[in-house]
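Below, chain A partners chain B and then partners chain C, in two separate complexes.
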Partner chain A sequence: METILSLQGLTHYFGGLRAVHDFNLELPQGALWGLIGPNGAGKTTIFNLITGVYKPTEGKIIFNGEDITGLKSHLIVEKGIARTFQNLRVFNGLTALDNIRIARQAKNNISLFDSFLYTRKFYEEEKQAKEEAMELLKIFNLQSRAYTLAKNLPYGELRRLEIARALATHPKLVLLDEPAAGMNPREVGNLMDLIHWIREQFKITIFLVEHQMRVVMGICERIKVLDFGETICDGSPEYVKCDPKVIEAYLGRVENA
Partner chain B sequence: MRNKKTILFIVYSLIFYAIIFLFHSLGIISDYILHIINLSLIYVILATSLNLINGFTGQFSLGHMGFAAVGAYISGILTTLIWHIKPGNPGSYVLFIIAMLVGGVAAALVGLLIGLPTLRLRGDYLAIVTLGFGEIIRTIINNIDYVGGPRGLLGIPKFSNFTIIFITALLTVILLRNLIFSSHGRAFLSIREDPIASELVGVNTTRQKVIAFVIGAFFAGIGGALLGHLLTLAHPTQYGFMQTVMVLVMVYAGGMGSISGSIVAAFGLTFLSEGLRILLGAIGVAIEWRMVVYAVLLIMIMLFRTSGIMGGREFNFLLPFNKEE
Partner chain C sequence: MGEIFNLQQLINGIQLGSIYALISLGYTMVYGIVRLINFAHGDFYMVGAYAAYFIVNFALARHVNIPVVFVFAASMGASALIAMAANRIAYRPLRYKPRLSALITALGVSMFLEYFFSALPFIGPSFRSFPELITQRIFTIGNIKISNYAIVDVAVSAVLMIFLTYLVRRTKVGMAMRAVSQDKDAARLMGINIESIITITFLIGGAFAGAAGILAGITYPRIYPYMGILPGIKAFTAAVLGGIGNIPGAMLGSYIMGISETFATAYNSLLGEGIAFAILIIVLLFRPQGLLGEVTAEKV
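Moving on to the complex of A and B:
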């Protein structure tokens, strides 16, 4: 199968702290892989490197055969990588509908002239943007919330809204950073079904970060385990589950899940 | 025009215009009151355009009157020193409008020059740079003899009348509103809400910030050109930091991210300011004390009503669409 994302020797320092060291990944097209590890292992940092929030100290990021290392974030999104955030980052002061419509920005070729004068083209684009956004809201069972400000939505709906917003950018690859954080076991089950379903429906690749091991075991085809920035294990869920190094990394911590 | 609500808004505005015009010609509204209405309308242009930058896009510019100075002086140079035109025949008004647009474009170009390097950076650089820019503009004007230096540019022809100012203010409000209620406007708002998330859903945040800043500077330049041709002079002291603070107070008092609020506050504070001038004059207090009133007002807003009069909302008649359409 073709590789969609290739990370080669990714290393990142925050001052003197080495948050990620020599991380490698060959993520196949259409895969659903997971990245787990205790808190502070460097998982979110890897997502931040892929999406251009930080530039890696060393290493390369190849997406669809193209070197995207150090590219500006919005250009990386345009190339087809979308993400969610461990600590929700929805636009609180905007409606659910607008949260989604903004994510279509890169695809929107409305000029300033069209916007100032509300030309025919403006109305056509707006109509299409709205239809598309409503479609996504419906998929995530949020259509009744279209005109509700995000800050007034309950937590579970915000999590879904953020995933919907990521999908609105028309991605090929979606990075989910602890999507199950703060959910009860039943909600986690529903979410995992949803993630599975999204991958089939939108024909996308998913790379998922999680610190609770049991969450990813059920749905990921392959799992990488990170500890203190180092890859300590890589394999199928069954393999990872039984690896003594993984067990030690998790049992050695208080916040073990 | 495909927008019924816009047409309705224009009709309301023209009724307002006709009433003021009629009352003035009947003598119910004095020349003095009309002058203050004219000033208020110019402040509508200045406040809404600053709101685009500070309120809607969440940046912090402190140089708005610097851009107005560029507009006032550039247009003033054209009408006064180069063309020597006087109000009268329609042709001279066409030239004035060209001068005003040139003033706006000049301010926009200066905005681009300042915005491009500054808005790429995160944080408070814009505030510092625009603060410096305001002072630099004043120093430059003070030292150019051609435009009168510290004496100011005098004898500017009085082209700004109620009709011209009203139409310009109305167009400014409609154009800015249209921009704000478009995909560009949503991008501005998303930057204000969370610049990192905005970039990560595909918004070219640097570009959008520059667009908002340059458009804001353009309309500030237009406002400055109107002001110069209303007061028939342009003076460095009219475009200092305290004048920018006055516009800032309007933006914050009216509400960040509300065009309606900026309009209400522009009228309210311009009338308050003139009232204070009269009051302080009558009791023999220096009118500089007005600034203390603004400062106190600003502090009260920050403490008791951070979202301003309108709290980020708009009058329904100003909205281009009904809420759920």
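Moving on to the complex of A and C:
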């Protein structure tokens, strides 16, 4: 299968602290891979590097055969990479519907002129945008919340809204940063089904960072394990689960008496 | 007291408030988007007044009849250009630096514009009388006098405020502005070009200040390079009074400032300059977030 995202020797320093060291990834089109590791392992940093929040100290990021290293965030989104955040970053003062519309709007070509004169183009684009946003809300079972301000939504729904918002940018690759954080076991179960389903439905590639072993083990086809910025293991969930290095990173070293 | 708290003063107050509103909207928008108190904003207003002054005089000297709309467009454009230039040259390089640096820079930009304009040979530090762009007419209804200037001031600012409200609520740019003011990083990762939204914010804020400058020139026809200082401070106060970052708040705060100032001036002309600030202090004691501002819990 064709590679959609290729990270080559990605290294990033914060001052003197090495957050990520020589990270490599060849993510095939349509894959659902995971990245795990203990707190502070550098998982979110990798996402921030891919989405242009930070510029890597060393290494290359190739997306769809194009070098996107150091490109500005909003241009990376345009290329087709969307993400969610570990600590929710929805627009609290906007309604659920507007949160989704804004993600789509960056793509349309409605000028200020159109919106003031209420041209047909504006009208049709608005209508289409609204329909599409409603469709997305329905998929995530949020349609009854369309006109609720995001700050008034419960946590589980905000998580879903954030994923919906990421999809509204029409991405080819979605990066999910701890999608199950703060969810109860039943919600986690539903989320796992949902992630599977959206991958099929939207024909996208998913790369997710997770803390909870259960989520990654349940849905990811392949897992990379990071510890202190180093890749310590790479393989199928079964393989990773049994790797002593992974167990050590998560649980600490077993002292032999 | 009867002759102080009368309808005439209320009308004058609304007229003054309209001019403050146009200035304070720029303060509040820029603060909402980049969290910067742009002290130079009052000077953008001054630039607008001078732009109109030169255009009108140029036309008068050549006996050309110049449409008023064109004068408005030109001076709004001049102020918008200065605002965008200040953003690009002075504020943008400091965007992700400590906030205090940008604040001091804003003071610097303000001083620079004031003294630079005073130093320019064709402007100079002295007062100039603003040419009569519109002939004054006074309408008398009962014992109230309404000048057509008051109507122009209120109407122009109302039209611009409706425009802004529509822009912020209904358009793509407006929605992006709201998103940027709430979470810059998330907005960027939704494909919004933050810098172009900031530029648009300065453009609109500057243009509004320019409109206020020309209205002030028409109404109080005396302009000088330091004319932006006091209205700037008052408009900023109005924005804080209404809740900084909040657009309807800035409008409300400005009318309160304008009306209370007019009433107090009628009582004692020195009191007028101070009363609005007294109101500000009292309101903030009871509502630190401003009248329409929201309480925001800063994450620690």
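Rule of thumb we're sticking to: the second predicted complex is superposed on the first by the 252 of 257 C-alpha atoms of A that agree within 3 Å, B and C clash if a C-alpha of one lies under 4 Å from a C-alpha of the other, contacts with A are read in each partner's own complex, and residues count from 1 in each chain.
Following the convention adopted for this analysis, contacts are C-beta pairs under 8 Å (C-beta built on N, C-alpha and C of every residue); 3 or more make two chains touch, one makes a residue touch a chain.
Values in this document were obtained by computation on a predicted structure and should not be read as measured data.
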Combined model on chain A: chain C and chain B, fit or clash: clash
Touching partner for A:Gln128 - first (chain B), second (chain C), both, neither: neither
First (chain B), second (chain C), both or neither touched by A:Tyr147: first
First (chain B), second (chain C), both or neither touched by A:Gln201: neither
Chain B versus chain C as contact partner of A:Asn39, first or second or both or neither: neither
Partner chain in contact with A:Arg120 - chain B first, chain C second, else both or neither: first
Winner by number of chain A residues touched, once chain B and chain C are compared: B
Which superposed partner A:Gln105 touches (first chain B, second chain C, both, neither): both
Chain A residues contacted in one complex by chain B, in the other by chain C: 51, 53, 72-74, 77-78, 82-83, 85, 89-94, 98, 101-103, 105-106, 108, 110, 112, 115-116, 165, 169
Residues of chain C touching chain A in the complex: 166-167, 170-173, 175-176, 178-179, 182-183, 185-194
For the chain A and chain B complex, residues of the former touching the latter: 51, 53, 72-74, 77-78, 82-83, 85, 89-94, 98, 101-106, 108, 110, 112, 114-118, 120, 122-123, 125-126, 129, 146-147, 165-166, 168-169
Residue numbers on chain B that touch chain A, as the complex places them: 2-3, 6, 175, 178-179, 182-187, 189-190, 192-194, 196-205, 211, 312, 320, 323-324
Residues of chain A touching chain C in the complex: 51, 53, 72-74, 77-78, 82-83, 85, 89-94, 98, 101-103, 105-108, 110, 112, 115-116, 165, 169
